[in-house]
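For clarity, chains are labelled A, B, C and D in written order, and residue numbers in each chain start from 1.
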Amino acid sequence: KNRAVLLITCPEDLDVISAVSNCLVYNKASISQLDQHTTDPYEGMLFIRFEIELDPNEKAVNQLKIDLQELAIKYNMNWKLKTDTEIKRMAVFVSKMDQHLLELILRAQTKEIPVEIALVISNHPDLKETVEYYGIPYYHIPITPETKAEAEFKELQLLAEAEVDFIVLSRYMQILSPYFILKYENRIINIHHSLLPAFIGARPYDRAYERGVKFIGATAHYVTSDLDAGPIIHQDVHRVSHRHRAKDLKVIGSHVEKSVLAQAVTLHADDRVIVHENKTIIF
Amino acid sequence: KNRAVLLITCPEDLDVISAVSNCLVYNKASISQLDQHTTDPYEGMLFIRFEIELDPNEKAVNQLKIDLQELAIKYNMNWKLKTDTEIKRMAVFVSKMDQHLLELILRAQTKEIPVEIALVISNHPDLKETVEYYGIPYYHIPITPETKAEAEFKELQLLAEAEVDFIVLSRYMQILSPYFILKYENRIINIHHSLLPAFIGARPYDRAYERGVKFIGATAHYVTSDLDAGPIIHQDVHRVSHRHRAKDLKVIGSHVEKSVLAQAVTLHADDRVIVHENKTIIF
Amino acid sequence: KNRAVLLITCPEDLDVISAVSNCLVYNKASISQLDQHTTDPYEGMLFIRFEIELDPNEKAVNQLKIDLQELAIKYNMNWKLKTDTEIKRMAVFVSKMDQHLLELILRAQTKEIPVEIALVISNHPDLKETVEYYGIPYYHIPITPETKAEAEFKELQLLAEAEVDFIVLSRYMQILSPYFILKYENRIINIHHSLLPAFIGARPYDRAYERGVKFIGATAHYVTSDLDAGPIIHQDVHRVSHRHRAKDLKVIGSHVEKSVLAQAVTLHADDRVIVHENKTIIF
Amino acid sequence: KNRAVLLITCPEDLDVISAVSNCLVYNKASISQLDQHTTDPYEGMLFIRFEIELDPNEKAVNQLKIDLQELAIKYNMNWKLKTDTEIKRMAVFVSKMDQHLLELILRAQTKEIPVEIALVISNHPDLKETVEYYGIPYYHIPITPETKAEAEFKELQLLAEAEVDFIVLSRYMQILSPYFILKYENRIINIHHSLLPAFIGARPYDRAYERGVKFIGATAHYVTSDLDAGPIIHQDVHRVSHRHRAKDLKVIGSHVEKSVLAQAVTLHADDRVIVHENKTIIF
């Protein structure tokens, strides 16, 4: 049997869980993990994640989808079924820093992050050799204020051709257009080098140093057109002291960022994240 | 409507979740939180915790119990239903140290721990005044090797009379007999002053100091007749360094212990703990 | 012999450490702990904390002070010598919340915080009984916009009479005047319920909930006339998830705050904090 | 000027700090960081670490060494002076796992760990290509019970020829002989996959899983002939739950190990570790 994940968002209703469970049992899918969250048991929203063991034959999967669609109409339900055979395809956007990218490549290689890295896109040529060493296509697309629209057009074409499911901005130093962001809504993951909402904007470690904080942190979030304000997926922190200079904060922070980004990507690739009103439910 | 918690343990079966969900829907109980865990989706054990909103009238509750019992037979299911009207009654056993006890009393007062402290039992008279100041009955039962059996008999009587649901050993310096432990199986919570299984036995902080560890910790666990080896409910740690003397470790450790014990008691009182083969599932 | 602490701030100079060490040796004071920090070994500021064992007789202490003052002139040195016989006297300002205050009282009782709580001042009468139970004087000074200046005058009088060294704002819901703050510069400790600079201002937990952060925290800082912007003494954090409601964040946060405040007060009372340009050096 | 580190261990004496400080001033060495620890200000041991700015000419360094040696005799002092020009040379012993090794190589490349990786020795040929890609010599020395003594002899020769200062066992699955360990006393760093002293010996993650602990950890320590009992340099932990299977603990643990090992190696390479009676002082 094959593993699959079913994600559901719908308005609270007394019998959604039993209706979906029945549907799964009827289609001979056994539930190996069930996570549920409700914002309010009477008038709130309901979020469910089923990990199921499923007959791998196509006909069975299709029948399940037909049955789920019927429930979707009845309960006003958003749903998504992903089988393990459909491994997600990821694009990484970088500028010149290689550490975060390398961490993602190494974790993808060991299957710790269940993705296929379809391509890497950069506005600089610097990391071409490193990336191609791992057998991943690298596209250098320079960006100037004049060519920005054109460059994004080329990027979107490459992403479409490579059938990319989601994008990771690995210390990518360019701002994406609202149009681009909308095309990949809740499918672009960025890493910000502070524990948002602290130190929104530029130079967070320098500002953390100046403020004399005792913790630095990192935040992985989905990109929205409102800078640094998108839904937070994962965060982590590290204690620091007066002995750490601004450059020490950057080194320590870089390790926190790498780890936070890799974990956020894993959560997304495992279909463990549901976005609702600028917040995430993490199962 | 009233809040209730339903805990279930049974062998894995394809349709348990849908069967129970159906039963709840049929009894007009809406699910506000569902947590599930399986050790193996084919041959493993299945653990479920439902938080439900329930009609408070007795007849409805009884009908639900009857229906659940039917399912229990069919699926070989252990189950427990607790309604919010049945708040748990807790006994605390202490010797002379008051800090952990005080933390429990204060958190129970603010309803952070949803319990009624029914009584405090001690082999010393020292804390009588403190405990009675908070309106809690205090029983001083001295223990010598000769009177131990008799003392335990008296304790069991007091616990039965006070209709105690579970017991907390708050730095209680006596070992309970296997008979006593069996009577309250998985219902006696102890706090051990180390991150078990490190430093099993006596003087853990002194030994931690001697070993030069960089972390100290605390462990709340259910008491079994095998000392310090019962199922672990909660643990926490605190980083230390060469600058901390043995007595500093004791002070820091004491705060970790208080917090770990209070959290473990809250988890137990909320029916968030299922014990299975000397391990806990924490929902 | 008695324990004493010597704190020094001065411009970097090649031979300050040896000069002060010589002075201590000459006065038969042995160094049991030495902490040093420099912002830049050539042109920076130098901070030193000596823990010393000192002859307790007054004449010896006075001679040491005379010798230190000579060095102070030569090296442009700020210095402060505190002997253990001069235990610090602390005032606590509260409104209605008792948890933080109680934590401070209990830790002062067990000598974990080396202070004498000289008095408690509140703009409400609610906590009078609790505070007086522990033998601490309680002054109820109501505050309205019209009486504010007068109230502060009365408070300053009480503080002077009680020979108070420093003040703790334990969830005190009033803003102090710049004049008051200047009188106790770097001697008023406040606890803010967020990991500053995140969520400056009111209702931090509600705003943390709305932003969907994965960590909440607390910050103890010295009060300056610029709200929530004073030098940070201590911070701590606690991981949270989508399952925590706003009110859960408040409960968890409250425990973090208590612990952070108590640790910051201990650091201050132990003369382990030096303030320099809105940042702290913590030894 | 050049940076240098001076480490001192000696019996407590009232005027050691001033004597050494004077010696440094006299030799025009300015102190940029001073850390000190004493086990007991009257009869204990005293540990000091000076970071100093030093004239780089050889004659000045030699004069300082002569002066320090004089003090060493007077105060029964162990001392070690390392200048930044003498960067430490490190050997790594591996078996087949590459992750820890790769982390060390990458951090050495970015100068985060201030070492030169002189060579890698392995009892397997598997990682030859990876290591040589980074321009580091790789020696494959197979080990059987019969050839063990001979293999160690060869290893010691290679280490001597490469002028290696210290050795890192990066998940190296062979036990070194007491003779070998003595040759590099307190200069062989091993990473153990548990929070020692918990789970000493083999298969710690499986045993952690079976015990149902809520934390896993890793420990970097110096190797002694007593297995897993050497002085602890650094530790870290990660919270886990019943949802983590044994294989999940291994993945999470592996990241903790990598980070703990890299930090321990940095501490050692920076001369921040003093070993005293099977414990470490970390400055």
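As a working rule, a contact is a pair of C-beta atoms (placed from the backbone, for glycine too) under 8 Å apart; a residue touches a chain by one contact, two chains touch by 3 or more.
All values reported here derive from a predicted model rather than from experimental measurement.
Undergrad: With centres defined by CA atoms only, which chain is the most remote from subunit A?
TA: When every chain centre is compared against subunit A, the largest gap points to C.
Undergrad: More C-beta pairs touching across which pair, A-C or B-C?
TA: A-C
Undergrad: Roughly how far is subunit B from subunit C, going centre to centre by Cα mean, in whole Å?
TA: One centre to the other, that is 38 Å.
Undergrad: At what distance in angstrom does the C-alpha mean of subunit C lie from that of subunit A?
TA: 42
Undergrad: Using the touch rule from the top of the page, what residues of subunit D touch 2 or more other chains?
TA: Residues 37.
Undergrad: How are the chains arranged in terms of who touches whom: line, ring, star, complete or other?
TA: complete
Undergrad: Residues of subunit A touching subunit B in their complex?
TA: So the residues of subunit A touching subunit B come out as 12, 14-15, 17-18, 21-22, 24-25, 28, 30-38, 41-42, 53.
Undergrad: Given the complex with subunit B, which residues does subunit D contribute to the contact?
TA: 37, 195-199, 211-215, 217, 231-232, 234-235, 237, 241-243, 278-282
Undergrad: So in the complex, which bits of subunit D are touching subunit A?
TA: 99, 102, 106, 112, 251, 255, 259
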